[in-house]
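The following pair of complexes shares a single chain, chain A, combined with chain B in the former and chain C in the latter.
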Partner chain A sequence: MDIKMNYTFDGRLKTVLLVLMGLGAICLAASFFHNPDGYHSRFWSNFLHNSLFFTGIALMSTFFLAVCITAYAGWHVVFKRVWEAFGQFLLIGLILMGIITVGVWLHAHHLYHWTDAASLDPSSDIFDPILKHKSALLNPMMYTILGVGMCAVWLLFHSRLRKFSLAEDKKSDPSDFSAFRKSKVWAAVFLPIAGFTSAGAIWLWLMSVDAHWYSTLFAWYTGASWFVSMICVTILVLLYLKSRGYYEFVNMEHFHDLGKFLFAFSIFWTYLWFSQFMLIWYGNVGEETIYFRERYDNYPVLFYGNLLINFVFPFFVLMRNDTKRKTGTLILVSLVVLFGHWWDFFLMIKPGVVHTAHEAYAHAHEGAHVAIKGMSFPGLLEIGIFIGFLAGFLFFIFSRLTKAPLIAKGDPYIQESLHHHT
Partner chain B sequence: MSAPISPVRQPLITGSKTYHQITEDLCSPTERAPNATWVIAFLISVSVLGFGLFCIAWTIWKGIGTWGSNRTIGWAWDITNFVWWIGIGHAGTLISAILLLFRQKWRTGVNRAAEAMTIFAVLCAALFPGIHVGRAWVVFYFFPYPNTRGPLWPNFNSPLLWDLFAISTYFTVSLLFWYTGLVPDFATVRDRAKGIRKKVYTFLAFGWTGAAKHWQRWESLSLVLAGIATPLVLSVHTIVSFDFATSVIPGWHTTIFPPYFVAGAIFSGFAMVQTLMLITRKVLNLQDYITVEHIESMNKVILATGSIVGVAYLTELFIAWYSGYIYEQFAFFNRAVGIYWWSYFGMMACNVISPQFFWNKKLRRSITFTFFMSIFINIGMWFERFVIIATTLARDYLPSSWSFYKPTWVEVGIYLGTMGLFFTLYLIFVRVAPVVAIAEVKSILKAGGDQYVEKHKAHHEKAELEAPAHH
Partner chain C sequence: MGHHHTSNHIIYGLYTDETDLLKAVQKAKDDHLDIFNVYTPFPVHGLDPILGLAESRLHITGFVYGLLGTLTAFLGMSWIFTRDWPVIFGGKPYWPVPSFIPITFELTVLFAAIGMVVTFYTVSGMGPGITNPILDPRITDDKFCIAFNETTATDGDINKFKSFFQETGASEVNSKEIDA
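Coming up: the complex of A and B.
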């Protein structure tokens, strides 16, 4: 039996992904030139949206690997190299978020209301005391230090876990588990660090887009969205690799478990969505309800669609036992739900950005209104940019997959994973 | 051997047990006459329960004025105890349902007792709303039954009513789950019993014969119940948190409450499981079934959930500052340095700081240390609810109505009484049912028994270079 232990990133796939990346770049450039407001809001909001989305997927794969190592999980070991490859995208995430950060310093964009100096100036007619209060955290310096610092910490932990995983491949004595033991320590320490930093990153990068608004649950809600997206990409990548003759040991038992995670965490995401929405709706405090009021009134299709696509659809399709074991169904659900969570991020980012852009434009142009495309509903450019980023993510992870054997044969759980049954 | 077992896994059953020894070890506590320790513990529990019943009678006879609650602090010990007990129940459902779905083999050593604990804890919890209404004889007004007074009586918009449904559903499902697991074990006890005991266990075992069809249905039912119980682990404490979070009271109205309450509930529940299991394994000599591995695993869950609770506490503090909302900021300032600062301090020390000792493997595996920690954590989780409830209510929007609460002997007595009820029921339970699930422990013997784990290791070393290792 010939087992493919090493992945070859073939020319055809490279070409397809490069073409799609090119398409994304063209769409991104086109969105740069659609600039009625003068702040390039469409371009920058798309850039932030996709950068955050894919960086989060990379973070969640590293986090989940750490969870699995800590929890003595064995089932995933046969394909853990895929998650390790996802985790390496954190480096690209650092670069992408670095570009946003440079933009903050250069005032190249108006993504964040709190970067506006006039709003923080008590003598200004648009002085905003709430932003002034928050400026101890929401300022370019903290944005840079915390953002880069958190990415660097994630990368550090990722690279240590990767290093120990690779060291296991090379060991000569099968009963030598020293690398595994070291990875357990790093994985366990990463859990609380990831717990705090993921929340911090979400507050800083995402919640501060709606700079006046706050919700204690927001970080966990967004984290759940990232997690579900990560599972979707995992299923799709694994099914693709299998179709190319790799990972013959990854069978329907493993997909069944991934399907269960997709099912369970889609419900968990909905639980957090409901908890946040219901408590704000019930409490009816203006400062809090404004977030949903805006989305309810001006984004009804996205608002209700979010629930249909991310809850109703995966819930009813994946409820049955057999649907989690069928390739076609899994591809469909993963594609739809991945797109659904990208849609969820659209809904988290765009209303805040467009609101800031409208206000800034009106202030500079004596109350005039400006219409910006691609801010209230994803247009073709937005879809193109998403496809471009997705292709870039896949290009990166496939090129990383070639760097190490596909199967971590030295992992102490490898036999359990090879003979996994649910 | 059904499937390979990783060489890094530790045995979950020690002492090279055979199937027959497992039956002997786990059935015998129900077959012997109780020893002196049990009798003394039982007498103490029943006495405390008796005092609790007296205090309840006193409350109903004299009225709710015998409590320390006042116009500002209308909720205090009663609701604190209610939330505390409900929270404790959660570990049982987590162990029986979620760990079953996750195929965690170590759950078999502790699931039976944890499920029993859930049921007894929910009973203790349910007592408090029942007597807090004051007129306990019209407690059926809780339920939306058709009546002649007009439309259905309760307010469906109230989270207190949702709570009623959540808890009664939770109780029902937990009871079914527990009893389903008990059926094959009751049959085992029945097959060994004589006389009147045999008659009783014959009835309890529902005619179980151990046929393949029985096992197949039993497995399916367990899985279905696990599927139903899993959302209940989340929903029950979520709805308890809604009791507070739907209000607009600073410190209560915060969106993180639902998942944070759930994590806290699992945290305190595992602490209570530890307290019970550490005593049970010693008194009933079950160290081979509830091993240090089990204790360490539960300590890890305690560390994880304690840290989640810690992240939630700090999130609340951060958002209180970030929101720029002075009332919210005051609520947290008041918790930390206000009149009840000591309960906040106790909460932080017991819930967030003390579990961090479990990063140390030696402490995680120390029986004595774990026992003290389990008590600390339950004190800490009680303080958490007291902080949320009494501290917040004591300082509301109107300084003129600021007030102070201290419990009366009646409230203390009722609280102690629920402890008495809990331990009385638990002590009866260990006498009438196998405290470790016999059938489930047997199902993992070949994977988790120490004599087999050694064989797996040798097998693994041979298998290591087979399968995917050809290039």
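Coming up: the complex of A and C.
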């Protein structure tokens, strides 16, 4: 049988992805020069938005690999190299988040209100006691140590799991499971670490954009968004690879399971979204409701659209058994929901940044109006930047896929995966 | 599920492994043997398409029961709190939709679950006090069974069944009279 074990990153795909990355770079540059508030907020918020989104996808693939190893799951083994390739994007994530961190130190951006020294100074007339109170966590030093540190820890665990996975390919004795046993230990240790650090990273990188606000559910909600996005990208990448003649053993049984994850975690995301919303709505505490007040008053299309695109659409389309087993519906739902969660992140980041930039601008120019093009609704530049980042992510993972055989033939669960039935 | 007042004479073979069973069922289909029924202790993936069974419509009833639950809960609460007995809770409006969501969700699940169980039991002819004939108690434990009806079979057919069981590796072959 002619099985394609090694992936060749063909020139045509490379060209297409490079062109799209170029387009993204041009849009990113253009958003830098579209600078009505004087702080390049459009550029920096787009940069943060997309960096966070794709770093999270890389984290979730590593996390899910660890979950599967710990749970003795075997169904995914035939395509686990794809998730290993996603996980390696953590290296790029570390660099991207490093750039944001450098920006915090240099005051290059006003993404985070807590970086404003005057707000922390009790003698200043814009002294902000809430930010002062939170400054033990929300300060540049903690942002750097915890943010970069946590990303580095994820990368360490990913590289260990990858190393053991590759070692299994090369073993000479088929009954030698020593590498797998080691990966089980690393995977099990990673689960609680990933659980706590992902929450910490989300608080620092994302929730602190709205520095006055907090929600204990926010980290899970964002994590669910990342997870669903990761499943969408997985489905799309696998279907692409199959269309190019790779992964002939990945069949509709595997896609059915991925479709179930997409369906179930879309519901899980909605559950968390609603739990956070309803408790805040019911509690009616001003410092909590401000987050939603801002979004329903000023971003109603994004706010309600978020639920339609990320819950109603995948729920009704994927509810049936057969839509999870059809290429067409899987591609449609994956594309829409991937975009939907990018939109969800837009809504998490932009209103807070607008607020911060607006306050900073108002301090400098008494009561001046701040234009919010590309901030209150995604513009063409935002779409272009998303496509550019997505192309960059894909370029990276396809080039990583060439580095190892596509099928992990030494994995103890490979036979289970090849004969998988749902 | 027919209700004949006669009895059927059944010849059945027991298999110890589900893959042997799947191969045997496929062979019976290929040889055009008329299978009376196949019994397994748990759902065997891939068996339904070989047997040519139509997709169950139970999930459609599940959707309908679920929808009924959604409407019962949502319309019920809406009527109670806006028409029948309006009460203000915690300064919320008379029609506090977000508060209704959890109960609406729960009644959806409850209606779908109970409705599907009752439907399934009814359609399968199961229920309290009803006993169904069983060929062999081990098919509820660890044996996989293919059964042929030999009530009206000729000797030639019965020989075909027996050689079929032998060829496909059945661990034992028995026959039994059961009420139809």
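Operating definition for what follows: the second predicted complex is superposed on the first by the 422 of 422 C-alpha atoms of A that agree within 3 Å, B and C clash if a C-alpha of one lies under 4 Å from a C-alpha of the other, contacts with A are read in each partner's own complex, and residues count from 1 in each chain.
Here is the rule we use: a contact is a pair of C-beta atoms (placed from the backbone, for glycine too) under 8 Å apart; a residue touches a chain by one contact, two chains touch by 3 or more.
What you see is a predicted model, and the numbers here were worked out from it, not measured in a lab.
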Superposition on chain A - do chain B and chain C clash or fit: clash
Which superposed partner A:I26 touches (first chain B, second chain C, both, neither): neither
First (chain B), second (chain C), both or neither touched by A:A219: first
Which superposed partner A:L307 touches (first chain B, second chain C, both, neither): neither
Winner by number of chain A residues touched, once chain B and chain C are compared: B
Partner chain in contact with A:I267 - chain B first, chain C second, else both or neither: first
Touching partner for A:L91 - first (chain B), second (chain C), both, neither: neither
Which superposed partner A:N321 touches (first chain B, second chain C, both, neither): second
Touching partner for A:I387 - first (chain B), second (chain C), both, neither: neither
Chain B versus chain C as contact partner of A:H421, first or second or both or neither: both
Touching partner for A:Y282 - first (chain B), second (chain C), both, neither: both
Chain A positions touched by chain B in one structure and by chain C in the second: 278, 282, 284, 421-422
Sites on chain A touched by chain B in the complex: 1, 3, 5, 70, 72, 74, 78, 129-130, 133-134, 137, 174-175, 177, 180, 188, 191-192, 195-196, 199, 203, 214-220, 249, 260, 267, 271-272, 275-276, 278-280, 282-285, 287, 407, 409, 412-416, 418-422
Chain C-facing residues of chain A, complex: 274, 277-278, 281-282, 284, 319, 321, 421-422
Residues of chain C touching chain A in the complex: 45-46, 59, 63, 90-92, 98-99, 101-102
Of chain B, residues touching chain A in the complex: 3-9, 101, 103, 231, 234, 238, 242, 245-248, 253-259, 300, 304, 307-308, 310-312, 314-316, 318-319, 322-325, 359, 457, 460-461, 463-465, 467-471
